[in-house]
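Scrolling down, you'll hit the structures one after another.
Each of the two complexes below includes chain A, the first together with chain B, the second together with chain C.
Take a look at the complex of A and B:
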């Protein structure tokens, strides 16, 4: 492939796709064009599906190396990961081939009894992290920190049944703080981020994002 | 037709006035023109920068701290960890991911310059070739291609959110990086990463435009890109004056937004809702 095709080919595809999607978003288009737009979005999902395969191969390559080298403190974990990956892929494929889909019993068992509890466990860890982060946030070292502590307490109590028992006014006060003070602080950030997204889009359309390999 | 009648009519039926209604999808006409203004301005500033004009950009402390963080990691003999958050490359958070990739490119160049070991972890399979290319190019452009080891530097983990969070957490604890840099679209995993990084004693630099996660980063990390600053950081990371100049159009956009807010506040007591007009 020539340097020109390698350099400008993908850029031309990105440019055409982005302009097409922008036009179909802003303007009223015939049904045929909107149908094509839906297909373009589906192509994205299909490409992402292939990328998943690349990802799985990448993970296998990475962990097989540990297994082959018997890397101390790692190879056993890598073995568990490889077995889990292959087992899930195999049961999932059988489910698809037999027409049962994701409800195929061995696949569903693996998902519901291993993946879901493990996923929930990691999510639950957040509770402890929030506690330790709150401890740092609520140390009163100056007047703004005191204000933060007071507002934080009101919002926390407003979100718990205990707060309602202590004083029913905590809940509406917490809602008012969120709707007015917090929203007012967040909106400029959201507007700024939106503008940043637009300009990043422009840079992408023009092929000026990331870096240019000369 | 008076302004008040015009606006109230638009708010009732946006497909009834003039030829515009036959062209623009309902509620997207004004947005299109605002987008067009920003695109034209961005292009203008980019071209004028290419002709040699320079625009002053305010200092972003978090960006300046990136080189310090890389140097600190090298001095400590520890690696640099970089991650993007649980976003993807095909939704509304994709630009944040792209901004993260641009910052990674800069970190990789610095890692090459100082001879540091960089570990980039992520959960988007589509990004594997891009991340590999950016890290390889970073070491190569610094004249240290021999330092690039894809199996060590580039680690795709998984595309499931908390499995990814768990793997990043484990990477931080095992590798004990001297610097932990996190830029991109972050969700509930943000605090898990930041706290794990804090335990290892890493200098932490983080940034996201997802407003719900910014407070967590501000609380735990040493330096933070707040909201749009990640896009400015992406432009600064390129080192290209033309790209940096596009930040100016963001500033003009902010002025337009501010003017619209003030105009809306003035019109509201007169019984006019500017919001109705903006969604023509």
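Take a look at the complex of A and C:
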């Protein structure tokens, strides 16, 4: 393959696809064009599926290297990861092939008895950190900190039944704060992110974003 | 060291807070107090919207959460399903997250009464986990049957009667997105609401709600059910108390403890500060 094709080929494909999808998103097009557009989007999902497979293979390769080299302090964890990955993939595949999906007992057992409690535990531990951090973070050192504390307490009490017992107005006040103050604060963040996406898209169209491997 | 400083130091012991937190959660779980809760306008609006849906509504439900978030989101989805089932709905379940299929099975065992009333393939279907994120979301809008050839259990979707009524975005009366993340809400806003104006309902974690608030405020979603509190309110509205309502006391006690620590911490912090200011003045 020539250098030109290797360098500009992928960029041309990206450019054409981006322009095509941009036009079909904003304008009504003939049925044939929309049918092709639906296919292009499907290809995206299929490519994503293969990307996941590539990711799994890459993780395997990475950890097999640790296992082969017997890297101290690492190889045992790599072994656990490899066994878990292969076992989950194998039982999951059997589930799909036999038509029971994720209800296939060995797969469901692995999931419900290892992943579910581990995930729930990690998330639950956060509660302790948040409680401890709140105790320190809500220290009233100046006027803005006092404002933060007041708003924090209103939202916390508004989210609990305890707040309703103390004063029934906490819940509507908390909803009002979220609908008006919080929404106003988050709006520029979302608009900023949107502008960032547009700029990245434009840079890609103009060939300023380098995705290719030179 | 003054008495205030001693108390402040005791309050600062993390382990003390942790132990008290465990106690405060366990006691109400073992012995519920039944503290009354109010119903917010936000949840009432969602309830009214679902109540006013036509008979046989076509609904797409996105199950996008992990086991960690299930305790907050599952009761909300369960309560909405219990409300919806009275209207003989056609429901298409889908997951754009890999943990979705397991979460769906959990949901089925959480509200077995709902799924007993629905016939698979006719009244509901579960498409399973679809890769591709936003591209998968966009493909679903253009035609589910054409995009997903086999469901989560490997059954062909082509012959399923449900897709006669609920196949393309235009067919749906409502899309419910139960998610522990933020991205998926934006995907549905971009791929379902903006081009097809399909009403969206967000079911979100308390911690995620602020970041999706602007979409609701802009009218891009009909409303949102936030966290365990929102689920508990919905359970109250439909008159079927579930796990969210049962856990509200524990949440209240835990929040109460944290608030007490924050207030006490500030009181003693200021006492110490004032005392220290007096010292140089003496």
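Operating definition for what follows: the second predicted complex is superposed on the first by the 201 of 214 C-alpha atoms of A that agree within 3 Å, B and C clash if a C-alpha of one lies under 4 Å from a C-alpha of the other, contacts with A are read in each partner's own complex, and residues count from 1 in each chain.
Going forward, a residue touches a chain if its C-beta (ideal position, glycine included) is under 8 Å from a C-beta of that chain, and two chains touch if they have at least 3 such contacts.
Note that this is a predicted model, so its numbers are computed, not measured.
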item	value
Touched partner set for A:112, first chain B, second chain C, both or neither	second
Touching partner for A:4 - first (chain B), second (chain C), both, neither	neither
First (chain B), second (chain C), both or neither touched by A:103	second
Chain B versus chain C as contact partner of A:186, first or second or both or neither	both
First, second, both or neither for A:164, with chain B first and chain C second	second
Contacts of A:48 with chain B and chain C, given as first, second, both or neither	both
Chain B versus chain C as contact partner of A:156, first or second or both or neither	second
Partner chain in contact with A:122 - chain B first, chain C second, else both or neither	both
First, second, both or neither for A:140, with chain B first and chain C second	second
Set of chain A residues, in rising order, touched by both chain B and chain C	25, 44, 47-48, 51-52, 115, 119-120, 122-123, 132, 136, 186, 189-190
In the complex, chain A residues that touch chain C	25, 34, 38, 41-42, 44-49, 51-52, 96-97, 99-103, 108, 111-112, 115-116, 119-120, 122-124, 127-128, 131-132, 134-136, 138-140, 149, 153, 156-157, 159-165, 168, 171-172, 175, 178-179, 182-183, 185-187, 189-190
Complex contact set, residues of chain B against chain A	22-25, 28-29, 31-32, 35, 38-39, 42-43, 46, 88, 90, 92, 95-96, 98-99, 101-102, 105, 124-126, 128-130, 134, 137, 151, 155-163, 165-166, 188, 191-192, 194-195, 209, 211, 214, 216, 219-220, 226-228, 230-232, 234-235, 238, 240, 242-243, 246-247, 249-250, 253-254, 257
Contact set on chain A toward chain B in their complex	22, 25-28, 44, 47-48, 51-52, 54-56, 58-59, 61-62, 65, 115, 118-120, 122-123, 125-126, 129-130, 132-133, 136-137, 186, 189-193, 195-204, 206, 208-213
Partner chain A, residues of chain C touching it in the complex	11-12, 14, 17-18, 21, 35-38, 40-42, 66-71, 101-102, 104-105, 128, 130-133, 135-136, 138-139, 142-143, 146-147, 152-155, 195, 206, 209-211, 213-214, 216-217, 227, 229, 248-249, 251-259, 261-262, 265-266, 269-270
